[in-house]
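Note that the chains take the letters A, B, C, D, E and F in the order they are written out, and that residue 1 is the start of every chain.
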Amino acid sequence: MITIALYLTIAMVTLAALLNVYRLIKGPDEPDRVLAIDTLYINAIALIILLGITLSTRMYLESALLIAVMGFVSTVAMAKYLKRGSVIE
Amino acid sequence: MFDRLSFPQPWLSLILFLTWQILSDGVSGGSVVLGVILAWLIPQMTQGFWPERPAFVKTWRMPGYILRVLKDIVAASFSVAWLILSPRTPRPAFVSYPLQLDHPLAISILASTISLTPGTVSADVSDDNKTLLIHVLDATSDQEVIEAIYNSYEKPLMEMFR
Amino acid sequence: MSLPLVVLLPFLGAIAAPLFAQGGRTAIAIASSVPALIALAALFPHWAVLSAGDTVLHTYEWLPALGLSFSFRLDGLALLFALLILVIGLLVIIYSHYYLKAKENVAKFYSLLLCFKGSMLGIVLSGNLLLMLIFWELTSLTSFLLISFWTHKQDARRGARMALAITGGGGLALLAGILLIGNIVGSFELDDVLAASEQIKAHTLYPVALTLVLLGAFTKSAQFPFHFWLPHAMQAPTPISAYLHSATMVKAGIFLMARLYPALAGTEQWFYMVSFTGMATLLLGAYIAMFKHDLKGLLAYSTVSHLGLITLLLGMGTQLAAVAAIFHVINHATFKASLFMAAGIIDHETGTRDMRRINGLWRYMPHTATLAMVAASSMAGVPLLNGFLSKEMFFAESLQLNLPGLWAWVPPIIATLAGIFSVAYSARFVHDVFFNGKPVDLPIFPPHEPPRYMKFPVEILVFACIMVGVFPAVSVGPLLFSAASATLGGDVPDYQLAILHGFNLPLLMSFLAFFGGLLMYTQRRRFFDFHAQLREVDGKAVFEFAVSEIEKLAHRFTEWLENGSLQRYATLLVVSVIAVAAMPLAENGFHIGENGLSPVDWPTGIAAGVLVVSALATAFWHRERFYALVLLSVVGLVVALTFARFSAPDLAMTQLSVEVVTIVLLMLALYYMPSWTPMESSQGRRIRDALIALAAGTGMTLITLAMLTQPFSSISEFFLENSKPGGGGTNVVNVILVDFRGFDTLGEITVLAIAALGIYAMLKNTALTPPPGDGLGHPWTRDHYPLMLRQIARPMLPLALMVSVYIFLRGHNLPGGGFIAGLITSVALILQYIASGMIWTQDRIPFRYHNVIGLGLLFATIAGAGSLAFGYPFLTTTFGYITWPVVGKFEVASALVFDLGVYLAVIGATLLALVSIGRLSPHSAIKSKKESA
Amino acid sequence: MTHWLIAPILIPLLGGILQVFMGYAPISLRRTLAIATTVLILVSAAVLLAIASDGNYRIYAFGNWQPPFGIVLVLDRLAALMLVLTAVLGLFCHIYASGGADEGNRQFHGLFLFQLMGLNIAFLTGDLFNLFVAFEVLLIASYGLLMHGGGTTRTVPGLHYVVLNLAGSALFLISVGMIYSVTGTLNMADLAVKIPQVTGSNLNLVKAGGMMLLVVFGLKAAILPLCFWLPKAYARATAPVAALFAVMTKVGVYAIIRVYPLIFGEGAGELANLGMDWLFPLALVTLSMGVIGALGAGNLKTLVAWQVIISVGTLLAPIALGSVAGLSAALFYLVSTTWTVAALFLVSELVANQRGTAADSIVTAPKMRHRTFLSVLFLIGAVAAAGLPPLSGFFGKLLILQSVEPGAEMAWLWGVLLVGGFLTLIAYSRAGSIVFWWNVDGHLETPEPMNNRVAVSTGILTCLTMLIVVFAGPLSDYTRATAEQLYDNRGYINILQTPMHVPPNTLVGR
Amino acid sequence: MSPFAEYAISALLLFGGAFTLIGAFGLARLPDFYTRLHGPTKATTVGVGAIMLSSVIYFSAIGEGIGISEILITVFLLMTAPVSANMLAKAAMHIGVKAMEGTEGKPWEQ
Amino acid sequence: MELLFALVIGALTASGVYLLLRARTFPVIMGLTLLSYGVNLFLFATGRLATGQQPVIGTAASYSDPLPQALVLTAIVIGFAMTAFLVVLSLRNLADNDNDHVDGQRRKTPPSKQEKEATGK
């Protein structure tokens, strides 16, 4: 049962990622793109966790944590760039 | 840097200690010793980076608030999901919320709560920290939104922060 | 020892001469004369050996790998030339003493002159061809400096450069020739080469070697068509001309031909090449000399002509001709040196060398005139003077050439013709200068006799002309015999040195030449008119034009190729790579490996699709820079996921962290840059680039495919086995990084550190003006540090530090380690900068990032060097388990200290780099005391 | 195992770290320490030369791991020669720099020492990937040094240099990857064992990898068509940096000499002499391009920069022929040309400093101070560079000319080398006569006098060419022995058998 | 593994997957930037949280011991998502990203 | 899977090379970054593709090749350092030459999109 659920979940998350990419490319504005990649980061966390469950290993948990941290900083930096230009000033 | 043999931010130290235990996957002698050391050392090193000390008054109310928010988050997700899936176009609005809180951390917590809860996202805090601009996904009326937020979140927060 | 000494002495003198500069001109002149005197004394004792027909040989090993030795060899030929060099050299020194003006750099003059003398002696005394070549080229160099002694004169500089180019270039040809000969013979020792005559001439490369050697000789001796440098070298001070262009430099080519005569001469190639070149030079030089108005120009072309004569004699290939050649070398040296000196006196006293202005000097300087007239007569071949004797021999030899049919008439006719010209220009020299009315507009008027001893060298030489002319057998007989014998390899023909050999055909030719010459001189107007009609082909102009055209062409070609376009250079690189990588593929075809392909799971497939699409989209939309940046970070994210997917958690984490820092960095830069790239490349270029990119991509795809499908085994089994027992950690990747290949990691953090230091230095004094708003015209917001961001940044730092410690400590056993931990800390600090600004954050950081970097490198190095104390190599790690109460058993590993170094270096470097850029922003003009100290 | 092997790496590393800490110390202290460090490097290099000259290989196994598993340093004659060559060069450049060129960047000495460290790693390492790391260390330091000092003209060439080298680094990684993906090893000795065993379709991969590696080394060495980044970058760097860079292209040449005879040598079966038939014509074309560039050069530094390219062509042509004599000749020439070119860079800058706005342009200008001194140095340098007797360049070329066997290759090599030499001579005589002789009237208002440090270091470096001539015999014996050692790769392969330390019994786990 | 755990895990997985997908769907479908902001902030965060929870249960259930690091990540996401949303909204308002027709009260247009 | 991986590397290389050949610093930097992603994946793949075999002793039945992973780690870090330097160098270029060309052109920086549109009207 878990296998099936896992399979379906992976499918849904992957599809979600594709939708994010769609929004990223479609835009139309730059905040849309940043929002899309921010969401993509979060989807990536889900994928990593799902990979861990699939492989029955917790080896990738820290990767997930790192995506969360890095995704956040990256989004914040991009957002700040969009309105301030200068990220560090 | 290590001017005191104390815990300048006890709450932070506690959180750090717990975090360490969580990260270490289980409590052991080693992890406790190291956890205590880190819970002391890190706040000592970083206290300069947190100049505005959070002034909690009624700390015990915090868990209740968190649980409520968690519940609302799940609810919010369902409502947003519904809005996304329904063919109806939403009627969004920007609402200016007059803030009564003045502690920056409290404002921040409120704004975050608003963003995580049904149909609202905190879009902006005014420069004077007096107004919160909220984007409402499917607006009923401004006043309703403001009242709901005040009663659910700002009032409890005001009680906690002083 | 004496032979090397003879060569060495002038060089020592050259070094010594400037030291005597304090003592004044006389001291220098005396100091410069001493080497020659000692050298003469050193040569004298060898005469006994030489007159017995033997050679003196002194050999010292130098570079056996090259076949090069310090081999000095004295025989008759060498002695003759050495004497010419030394004696005339001495005279030139005396002469120069009076010639040079007070303000001139006398020390430099003598120094160079002595260097030149030493080089010349080196040429003639070398017993090894390579050694000779070294001296040969040295004469080119020193003569270059001598000719251009008056560096302020443009003509002098040009003349010198041309002389260097021609003679130096000829030297390179000679080098090739000598190397060929050396290859054929198997030795460069002169004795071996001269003994291998048959072997050389029989070799298939003989014509090539001969041509190359002759090129060297002809250029040096100013043979047609390389003759043109010599007249232009006359820009040198006259003593130099007297020395270089009568007795030494130009005679080096003659010497070379004489030296190698036994080895190379006697073949048809030799005959045709040498004699025809000589003949052409003889005639051309004599002809042009006639029309030169410049006193030294006349002498120069006459020199060209006489060199041609000697060359022709050597080319004839008969033994007597060779003797005549040697004889004429002596005679030409004496009369030409004296003539040059006389010309120098005239120049010195009148201030000009233009024969159209110099007239009737007999009245003003009869002594000099007498000397010059005797020397000129010798040049013209007037009986009782030495020039006559060798010219007679030449005329006689020109009749002996065994040419078929009417061709047999050609050499004597040419010889006579040249004789006529020679008499004519000699007559012109005498008449035009010393008689022919009154001087015209002389810069110095009236001219006087020069100082008494300035004439002394001329007198000596003129005396020699007469002595040889009248008592040839007594004066030069033994020397000539010895030299001729050496030239001919011991086989000296019968010849007689007498004033007259009776009334014979050669005498008739002399007679013809003499009166023909005088006649020609009287009819000179017609000849001048005739000559004026000719379009003069000046070799110098051609040469200079050619050189300047070559330079211009080279410049244009270089500019065209090296056009400053990175696009071109990168294209060349990429295309080169594609070409070399495609070659093996083209040779052997493409094969998928034995393992074949494994099935694709669809989430991976979709991820790959996302990766491919976003990579291509980055390229496609690169002109929208921010958009491309977002796409780029998608690529980075999916790459990280790929690492995770294929069992590389450490890589996934590293990639993620690095990517974020990179993106932040790019955004920091983008702030100052145009946010949008205009369409610049033409469509053709874009298509071309796309095709190149496609080829590169296809190539990498094929390579990867071929690689992935091949079975594989590596040294990594060792790492997996030894990681825990040997390195004390279960995370093999980390153990490789800090232990098995810790040295790579040390290098890597050094790179990081250097990059940061370089960035800091590069931006130290850079000012950039940021645009007032984004590319779409929105001004920047004034809200620098949003409240929510600031609030979340506060707890983020301690939490991130906690996570860093965690990631750091577990790295040895589980994915993580110093590098990733360092990046987490860095990113947390970067967040502080973003949220609260430079000044705020910097104020709370109590250390300089430079020191953090230094500390990191130091920790890593010390951790590595610790093992040295125990006699183990650098970076040998150690670890152990310690059990403490409460804490329990835990591991202590020296590798952890190393990793701590990595951690610190990463933090220091990352932040120093980012902060350096951030500091550019006008808002963060940090001028705290720390910085300005 | 002798710890001397690590000395040329540790000394600059520690010296460099010290400089990082001392960024704000007085400049005289920084200079003193930095030069002391360079002297120590030279001492250690000299010791290693003495050690290596017995012809045995010595290895230094980092972490005490048996090769091929750990990284090893390998000392042989070639490595020792390169170390000494570089240390001598480094010392004089450093002294020159301390005459004032090091001002304006507090990290100059650090970068300089790190650069030397990278070079020394490159010369000593016996590991292909570590060679990559060494390249990166020396490259990043060189980027920093290149941008050192004021002036805006070096930015664009610097950018080109960096971008192309980054692309080159990517290529290096791909090549190493391709070779590893077949052989499963990175140790050069182990590669020499494994490469000949490669068969089948793996041959393609290794062949392509090997060829791509040659492109990488060719890019560093600046072989045509990959040489155009060099002239402007070198010509616009400050003199001590450009002079130090004289050895940078030689690193590319070194890598070719190190890697190809060893792992793609005669014994490499189907992969024997990989790429060498391409290298020969390319080397000659490079030489010709260098000569053309030199002829067209508008200033002294550009002229010297093209001389660097001439040197590379001259070096690689005999190397490509694959004979002991050729390699030996090339090594001899390498020593000579590196120092000569470096000296010429220094002289050019001293000239530029004396001529006001004319700087080192080959145009007329007012008379400079120290004209005699500088013109003598330039003359010596030019004679050595053009390969005229009696200086060392001539002997190098002579050895090269003699090393080639009769045949078409001989004709080409001789032709190009001799004609090239002739044209170079013309270029130098033109440049020298205009710059040093062709003076317009008057003097510059305030020509700065030279200080002793720059004068002495330039003078000595220039005169090293004479030292080479004096010691031509021993040097050519050494290079010959080096070439023999390189073409017989059995000794190198044997380092795999070197026993490691016995594990200690103390607290250590192994 | 107990069937209860299996049910819980599967349910949480599916719940999480569904919400992640819905969040993304919202991002793709909703008419303007400001409305799109709601999907990721809430649905996706919750979805990923559910998946995290399932992971916690899964690894406890298969006997790897109780590890709740996933919770840490979830908390982190909950803390940061509003800030990201806030920053992006500020950026969008600053740039003047247009809100859909009918949106009431656009303060930056005043 | 191998083909897929090969195509990914091919796409990264192609995009990277195309951008490397552009005329301005920024695209060139992005090109090099893409190229280095491709190279890192390639170097990683020299140890072949493995699923669930992370080279941590005791966590899997068999292990993927750890050496390429270590090499890639080194390569990533070095690549980061180099990219950072290049980014700053391009800034320096902008400051010194007032434009961001690398194609030997010496034009000023182009007008922004907005300005261009404004003048176009």
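We take it that contacts are C-beta pairs under 8 Å (C-beta built on N, C-alpha and C of every residue); 3 or more make two chains touch, one makes a residue touch a chain.
Because the structure is predicted, anything quoted here is derived from the model rather than measured.
Undergrad: Quick check: more C-beta contact pairs in D-F or C-E?
TA: Counting C-beta pairs in contact for D-F and C-E gives the edge to D-F.
Undergrad: So what's the Cα centroid distance for chain B and chain D, whole Å?
TA: 61
Undergrad: In whole angstrom, what separates the CA-based centres of chain A and chain B?
TA: Computed value for the inter-centroid distance: 22 Å.
Undergrad: In whole angstrom, how far does the Cα centroid of chain A sit from the Cα centroid of chain F?
TA: Comparing mean C-alpha positions, chain F is 21 Å from chain A.
Undergrad: Between chain C and chain F, tell me the centre distance in angstrom, where each centre is the average of that chain's C-alpha atoms.
TA: Their C-alpha centroids are separated by 40 Å.
Undergrad: At least two partner chains per residue is the criterion; list those residues in chain A.
TA: 10-11, 17-18, 30, 34, 59, 62, 65, 69, 76, 80, 82-83
Undergrad: Provide the list of chain D residues touching at least two other chains, using ranges where the numbers run on.
TA: 129, 133, 136, 140, 143-144, 147, 156, 159-160, 163, 167, 174, 177-178, 180-181, 186
Undergrad: What residues in chain C touch two or more of the other chains?
TA: Residue numbers touching two or more other chains: 564, 566, 570, 574, 645, 649, 668, 670, 700, 703, 707, 712, 714-716, 719, 740-741, 744, 748, 751, 754-755, 758, 762, 771, 774, 776, 781, 783, 786, 788-789, 792, 803, 814-815, 917.
Undergrad: Pairwise, which chains touch?
TA: A-C, A-E, A-F, B-C, B-E, C-D, C-E, C-F, D-F
Undergrad: In their shared complex, at which residues does chain C touch chain E?
TA: Interface residues on the chain C side: 774, 776, 778, 781, 783, 786, 788-789, 792.
Undergrad: Quick check: in the complex, which residue numbers of chain F touch chain C?
TA: Touch list, chain F to chain C: 1-31, 33-34, 37-38, 40-42, 44-60, 63-67, 69-74, 76-85, 87-92, 94-95, 100, 102-105, 109-110, 112-114, 116.
Undergrad: Write out the stretch or stretches of chain D touching chain F in their complex.
TA: Contact set of chain D toward chain F: 129, 133, 136, 139-140, 143-144, 147, 152, 155-156, 158-160, 162-163, 166-167, 169-170, 173-174, 176-178, 180-181, 186.
Undergrad: For chain F, which residues are in contact with chain D within the complex?
TA: 20, 25, 28, 32, 35-36, 39-40, 42-43, 45-46, 67-68, 71, 74-75, 78-79, 81-83, 85-86, 89-90, 92-93, 96-97, 102
Undergrad: Help me check something: in the complex, which residues belonging to chain C touch chain B?
TA: Residues 783, 786-788, 790-795, 797-799, 801-803, 805-806, 832, 841, 844, 846, 886-888, 890.
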